[in-house]
Amino acid sequence: MFSIFHPNSGSLLAFTIYLSFAGALVLALLPKGRPGRHGDQALARWLALAVAVAGLALALQGFVAGMGPNHAARVTIVDLPWVPSMGIHYLLAADGISRVLVLLTGLAAVAGVLFSWNIELRTNEFFAFFLALIGGVYGVFLSFDVFLLFVFYEVAIVPKYFLIAIWGSTRREYAAMKLALYSFVGSAMVLIGVLAAYATAGSHSTGLIALAHAGLPVSFQMWAFPLVFVGFGILAGLWPFHTWAPTGHVAAPTAASMLLAGVVMKLGAYGCLRVAIGLFPRGLDPWGFSFIGVGSWRDVFAVLAVVGIVYGALVALAQTDFKFVIGYSSVSHMGFVLLGLVTLNQIGVTGAVLQMFSHGIIAGLLFAIVGRIVYDRTHTRQLAQLETMHLSRRLPFAAWAFVIAGMASMGLPGFSGFVAELQVLVGAWIAKPWWTVVAGVGIVVGVAYTWRAMQKAFFSDVRPSAHDLEHEQEQPFATITWPEVTGTVLLAWVSLAVGLYPKILLDAIEPAVKTLLLGGGQ
Amino acid sequence: MQETISFAPHLAASPITGILWLIPTVPIVASGVIALLKQPKRKTAATLAIASLSFSLLLSLVAFAHVVAGWAHGVAVRETVNFTWIQVGTASVDLGWVLDPLAAVMLVMVAFVGLLIFIYSTGYMEHDENFTRFFCFMSLFAGAMLGVVIANSLLLLFIFWELVGLTSYLLIGFWYQKPAAAAAAKKAFLTTKVGDVFFLLGMVWLFAQTGTLLFYNNGAGSLEFGALKGLLAQPGAWGLTAAGAIGLLIFAGAAGKSGQFPLHVWLPDAMEGPTPVSALIHAATMVAAGVYLIARVYPLMQAGALAGGTTAALTVVTWVGAFTAVFAALIAVAQNDIKRILAYSTVSQLGYMMAGLGMGGVAVGMFHLITHGFFKALLFLGAGSVIHGCHEEQDIRRMGGLRADMPLTFFTYAIGMLALCGFPLLFSGFWSKDGILEAAKHWTVAKTPFYLLVFGALLTAFYMTRQVGYVFFGYWRGKKPAHESPAVITVPLAILAFFAMALGLIGTPAWPWFRAFLDGRAVGFDWHGFAEPGLLGLMATSTVVVFLGLGLGWRLYGGQAPTPEEPDVLEKAAPVAWGWLRDRLYVDELYGVTVIAFYWWWARVADWLDRRVWGGVVAGVAWAFRGWAQLNQFLDNNVVDGSFDKGCDELASGGGLLAAVQTGRVQTYLRILALSVVALAAILIWSSLP
Amino acid sequence: MSGIPVLTLLTVVPLVGAAIALWSGKHARTVALITTLGSLALALFVWTQLPANGSIGLVERASWVPSLGIEYHLGVDGLGALMVVLSAIVTLMSVDAAHRVHHQPGLYFGLVLVLESGLFGSFTALNFFHWFLFWELSLIPAFFLIKLWGGTRRGPAATQFFVYTMAGSVALLVAFLAVFVATGSMDFPHLTLLASTGELEQMVTAHLGPVTLWLAIGVLAGFAVKVPMVPFHTWLPAAYAEAPSPVTMLLTGAMSKMGVYGLLRIAIPLFGAQIAEMRTPLLVLAVATVVMGAWAAAQQKDLKRVFAYSSVNHLGYCLLGIFALAVPVAVGDAGALANQAAALNGVILQMFNHGLTAATLFWFVAMLQTRTGGHRGIDDFGGLRKPAPVLAGLMGIALFSSLGLPGLNQFVGEFLIFRGVFPLAWVAATVSVLGLLVTAAVMLTVIQKVFNGPVPEHCVGFPDLHHGERMALAPVICLMFLVGLLPQLIVDTVNPTVQNLLAHWRF
Amino acid sequence: MNPLTGYLLVAALLFSIGLAGALTRRNAILVLIGIELMLNAANLNLIAFWRYGPHPEALTGMMFAIFSIAVAAAEAAVGLGLVISIHRHAHTTDLDAMNRMRG
Amino acid sequence: MSVVFYLLAALTVAGGLAAVMLKNTVHCALALTVAFAGLALFFLDLDAQFAGFAQILVYIGAVAILVVFAILLTKGSETPKEGVYSRNWLAGLAIAAGVFAVLGWAVLQSARVLPGPEGTPTATPVVTVLDIGHALMGRYVLPLEIVALLLTAALIGAVIVAMHEKEGAK
């Protein structure tokens, strides 16, 4: 059966998808564990971890295989006719961008499983949904057929809904429904745009590359681009369609928030890049007139992105709920991704892709600390309450992990976020300097809210009274478990490694971005 | 006055010049060693200090001899040793030392007076617990002062100058537990520092203009022809040449150290220090350093003067000096503290020196400096002896009749007092003051300084008589009876007294050895010196004035001085004027409401700016961001997110409307369906009809 | 020895030490002491290995992120090496001073060592990215050192410090990005070269329009906050006052130098012409820093705030010297060049000297605090010369060094600065002498209130310096004298660098 | 008259009868019966069109009819099942009484 | 138009009318069977043998029986006292009449555009079961599968709906 795979590097990548779905299936079929019986859940956990690790290994293998002399060239993994009459292919392929994002997905999956280790409620189903979501995400990143991509995209949305609706916390139904509604509205817009493109192209192929080369008329691209960009952008937290993100992140169980912020939002951004910009590059051309300095869709979305950066940061500054801070920070950081995308230059787009990776790691880490390590012990997310708990003393691991994550998040050099934001800012400078300046304000506010949250949550100045100390000694927090340590260390190290030696990812991203910008496809 | 001074252009540095640096270094090193000693090692400390200074004196004498020998051979010695301190860019900051007559004379004076005071101190400070510390500071001072003397670089001079200021500060505040002493020390340092920053400015200006701070460097020094020519060509400020402006800035430094008006306020307060300190630093040497500085940079001050004329800088020096001389003398009249009277007298005499420099040149000013160094040291030490004998009493109204109890002290003190008053012929002060008066008489710019100085001489004689009258005559008004001081105190007094008289011999008009020596001219004994026009008349005038002062003083205070409770004789006569003088003409108070108030006002302004304005701006920005953040959150909850929720609600209510149509009756639905089909079909058919 | 990457080693050693210190609990201070001693040895070794012509030596260079023009590019000239040595000394002093850290000593000394690494890194980096990494890296440990071990109002102080500095950094970053966009390079020497021929401005204008002046302002803002320059200094008094004294030593001794260093390494070389355009307002601000800093110090009641403001004052002289360089002079005017060289030498010396002196002063404050159970108000003491003569004497030396007494270290730098600035900008120099005067008043007031006068009751039995403290302080005090008397020891190495720098700058 | 027209008329009549039954009867089962009649009428149309259409060999109409029959069977089964189930709950098959589903 | 046609038409329409009009529901069911049979005969007449037999099997054999069962199970044979027609029967009738009118009008209108009655030589198409099998397995395999699925689903659904609920499940 291997003969259907192209005998080239990275062909194993496709198995990330299959493996995840298979894992999901197996987990769904496992006998229901009885609550309280430890062994029952353990099997599910280890199985999920095994699948996630295997996926990560495959992703890593694919990434490594993609390096080398012909690195980052796009390689086709599978290309089977699916609905020949419509030209739909089951076409999986990988270029540098895909590899990086697949790697991110693998990492997020492993970390997600680790941070879900203590899920007791319907464990099997949880991990089944989790892996199904992961499988869908892998699929999106590897699809080079627009319909296949869309299918995976939709596949990924469904488990997300259940993850939030069943295992979520605050206002989970509301959040889940909000997320689902937003997603479907976005999907609908994307579908309309893509169908229109298919019809307009008349090429009888839904391959991304083929469509990109179909020579779609500029007037068509002019309206299809914003439609598709907004459609995907909704999931990427594009302002002002971002409000699902904070509520969704807050309501979701930790692992789901990690995936939501870490990977799912990247689906949107990836779609913006691969589909919206890839298929309708001319849609960004100037309109021929300009209104208060806005003269093209590119300007429009740049403005939205920049507003999102500053706005998200400011709202994060005003939050009282720890997790909301992180939730809004995602909006702000995704603004950088979108800003990078619409710079339409090599550096900016590369930065955007790197920022996708970086934010995936960092947001995952932040949610893990806030939602899992801290919340599970303190049972509150209110900064005002956390302030009285002296967490830097009682949970030093969490405190310092958050410091590292916060540093990475606020874009301090040495961490991946800095390199990514640096590139985005450079790209924005090249495009329009004032974008950079405003985004710079966003960074400052970013520093402020991260630091504020950190100080309030961990390093409050409230001196403990004797009574407090006694109370704390009587009721110590649960010790940090190994999955928490492992997950934290994994993510932190990845961020640090990429921050110190970003070349490792940039080598893969840059050529792919170059080809994408040159001619849509290859 | 000489336009050009014919010093030998270049002399290979002689061995003594080569080791001249040892003169300041040895006492400084000794000071360092003493600093490391433990408090009880009193004897070692004193021995070290005295030995080191003796060594310096010895070297100074050798150097002096060398210069004199050279002079005797018709060579005006000016030997320098220069070296680079810092290499900055391609230029360099050079330091060096110089041996010339000016330095040699000053070296001997400082070292000699210093040594005597050291010896005196071993007795005077015998019971002080910080005895070793005292000698440490004193030794440091001596070294620094000697450093000032030999410096051949304005920068090196400045360095030692500041060190001298530091030791002055340390010694004034020697009894640091006394708040008054601590405050006086601070005041002294700061007031002199005010002068010093101008000095610094002058120095950097000079450096920038001439590229060097060396005084003499084989024609390339800043006081030598090339540099001065450049400075004269350069316009300065307020119509001065650069040379003049720089000179004035440097003079500000000198005025600070030498207590010239308006920077004199620290010097009387400095009497809070131990008496030997007052004698050494605040009478004989340090305060004279300002005069010495002006003498040292005299070519600069004088640059541009036409033959026999003066320069703007020198005019300023003159006026300041003359004014200070009278001003301080007036205040001295109404003081009751024995040391304070001497302090104001010092200020006054420094004014004489400055005026002498301004009007008569280096030698005139310097001669008074040297003689004053001896007799004022003598007076202070005598005062110390009195204080010692009267059990630390300093108020002259609580003394009296001491000439019987302390005969030796009285005798020497009287010599000093007469020297200070300028008692004719026998005493050095007469000759040196006459030199100044003579110069003032011949000054072409104005005659006022001459009258001022004459009036000052009158006042000097008067207040000294008043003091002596109070202290040594009349009857004992103190509590415990006084006693004579030990030999260790009286012997230095005797030696100083000898010099207070004898030194006059080298500066008489008949044998102006001192002036000739400084100017590098040959000298011979010649009675015709007195025959200069107006000289004898001047001497007569001065004699009359002195006797007038002495007589007046004696008339008022001789024998029957009032008790402490009684008002002074003059106070009864003119209480308002007396009050003004007693309160030092309110200069301190004036500073209190101007400079010091300004200082604190600015401090408060700076602090207020910092806390309220800049801090307020920062807080405001932070507040604005917070507020903006809150606003954004409000928008997010109510507009962006709200629109979503609203949309959902609308949708739901729309669903409710639709639900109203759903009656639940199947047949109704069916009916509607059928009707719709009918309608649709009808339309379709109708439209397809041809 | 050329094979060994000394500078990398220099940066890595403290990090390794930090890692060890983190896990060594009570022995952390020993670990830190050993590490800082080792670092000092390395720093001194670096000092000896500099090229004689003042160019950049000990260069290490490797590719890092080529697409962003990022290289691993290290090297030091006299300026960098002096700062490295200063950092090493100050850190050693700080570690030595911090012998009373009971609360989480491992973390404390770990952070101190990380800070040291940040200092080394930023003083040796020749590529913006690398430099910025360490510039920011040093901020984090500093923040936590204030935040976790600071005084009662440490929270707001730490935050203000952090956010303020970060805001400056972002301005700096944005401006530098523009430079990168225009030139495609982040390499300092390369950019300096471009700027010296005027190409930089042309490139920026070609790419981005006439924004060079704004870029200069952005870069300046970043450094102005760090130095700090009035009115960007409001974070400083609170931060210095609330930080534990050993940390304040680091903040003022070494970290504030990062700002001045940045001006010399980045702002002036790249934006000399723009700074020259702005020289008048900048000089005004520099003078304001000098004068207002000194005067604000006069009004303070807390010793640490006094010294904090006096630090502002002293760093103001550096600013004065730097901005005076931008005053236009005739081409080929040897005298003007000498003035500039003097000013620049003075600035560099002042950086070193202020670091040494200010750190020592805060060290003494730490001693006063530990001896009286936390008192540090200027009115809390009195007559300490009696019970503690040695302490009084040594602190007196430090205080006199701070007020610029000749013979002690600070005088040399200030003299050279004035000597250079006066002919270039005599008004600024003249007004700035007020700062000298006011500083003297402040320092003497400190002496008067703390050491003189009667001894209050709670100071009776105030212990003098013990043997260990004397031994620790002795080298520092000796260094003050040494530099004050023989500044050529330093200037020998700095001066070629100064000439080299001046030759490459264009105003 | 075209033979097709006759079949179509019969089918239309039958459809209308079924519709009338579905609309007028109270009993749910009879409503279903009416619907069955309507479906059958449609089937008749399909067959007739097939028979008289231009391409009877293509079997399209016939196939549609066959599928329709199958679907109708399923519909009947489910519909009647529902009726029985409702009757069990509500003890009635009267449609006028059955409006509890209304939203 | 053959006589057979008219007869069958009469039979079918009569069956239909009876099925919707009779009072007794059982009678209605029986009348329905008659209508079904008439339709089956129509199919046979139209040479659609397979469809005809399927009609007989499915409708008469299965659906009619189901209807009878349902009537019996719901005791629907008893005539309710409110009457067999719903309250709005008149409206229903009118609508049905309207539908017939429109349909009939449509048929008659379209008849005009069709070729004349003689113009359509209706050669009997020969359709064997084999043909139908081929078609079902070939061209119509997807619908067939869907219908199969539908039937299965309907089966299951009907069973579930009609099944007795477990005791106490509610």
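When the chains are written out, they are named A, B, C, D and E in that same order, and each has its own residue count from 1.
Quick note on the criterion: a contact is a pair of C-beta atoms (placed from the backbone, for glycine too) under 8 Å apart; a residue touches a chain by one contact, two chains touch by 3 or more.
All of these numbers come straight from a predicted model, not from anything done at the bench.
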{"item": "Steps needed, at fewest, to go from chain A to chain C via touching chains", "value": "1"}
{"item": "Set of chains whose contacts include both chain C and chain B", "value": "A"}
{"item": "Centre-most chain, if every chain is reduced to its averaged C-alpha atoms", "value": "C"}
{"item": "Greatest separation from chain C - chain, by CA centre", "value": "E"}
{"item": "Pair of chains with maximal C-beta contact number", "value": "D-E"}
{"item": "Centre distance in Å when chain C and chain E are each reduced to the mean of their C-alpha atoms", "value": "98"}
{"item": "Distance from chain E to chain B - Cα centre to Cα centre, in angstrom", "value": "127"}
{"item": "Centre-of-Cα separation between chain D and chain A, whole angstrom", "value": "53"}
{"item": "Centroid distance [mean C-alpha coordinates] between chain E and chain D, Å", "value": "5"}
{"item": "Set of chain A residues in contact with two or more other chains", "value": "448"}
{"item": "Where chain D touches two or more other chains at once, by residue number", "value": "19, 22-23, 95-96"}
{"item": "Where chain C touches two or more other chains at once, by residue number", "value": "none"}
{"item": "Pairwise chain contacts under the document criterion", "value": "A-B, A-C, B-C, B-D, B-E, D-E"}
{"item": "For the chain B and chain A complex, residues of the former touching the latter", "value": "625-626, 628-630, 632-633, 636, 640-641, 644, 648"}
{"item": "Parts of chain E lying in touch with chain D, wherever the complex brings them together", "value": "1, 5, 9, 12-13, 16-17, 19-21, 25, 28-29, 32, 35-36, 39, 42-43, 46-48, 50-51, 54-55, 58-59, 62-63, 66-67, 69-71, 73-74, 76, 80, 82-89, 91-93, 95-97, 99-100, 103-104, 107-108, 110-111, 114-117, 120, 122, 125, 127, 131-132, 135-136, 140, 143-144, 147, 150-151, 153-155, 157-159, 161-162"}
{"item": "Chain B-facing residues of chain C, complex", "value": "160, 164, 230-231, 233-235, 237, 291-293, 295-296, 298-300, 334-335, 337-342, 345, 383, 385-386, 389, 393, 400, 405-407, 411-412, 415-416, 418-419, 422-423, 426, 429-430, 433-434, 436-438, 440-441, 444-445, 447-448, 451-455, 487-488, 491-492, 495, 498-499, 502"}
{"item": "Touch list for chain D against partner chain E, complex", "value": "1-10, 12-27, 29-30, 32-34, 36-37, 40, 43-44, 47-48, 50-52, 56-57, 59, 62-63, 65-67, 69-78, 80-85, 87, 93-96"}
{"item": "Chain D residues touching chain B - in the complex, by the definition given at the top", "value": "19, 22-23, 28, 31, 95-96, 98-103"}
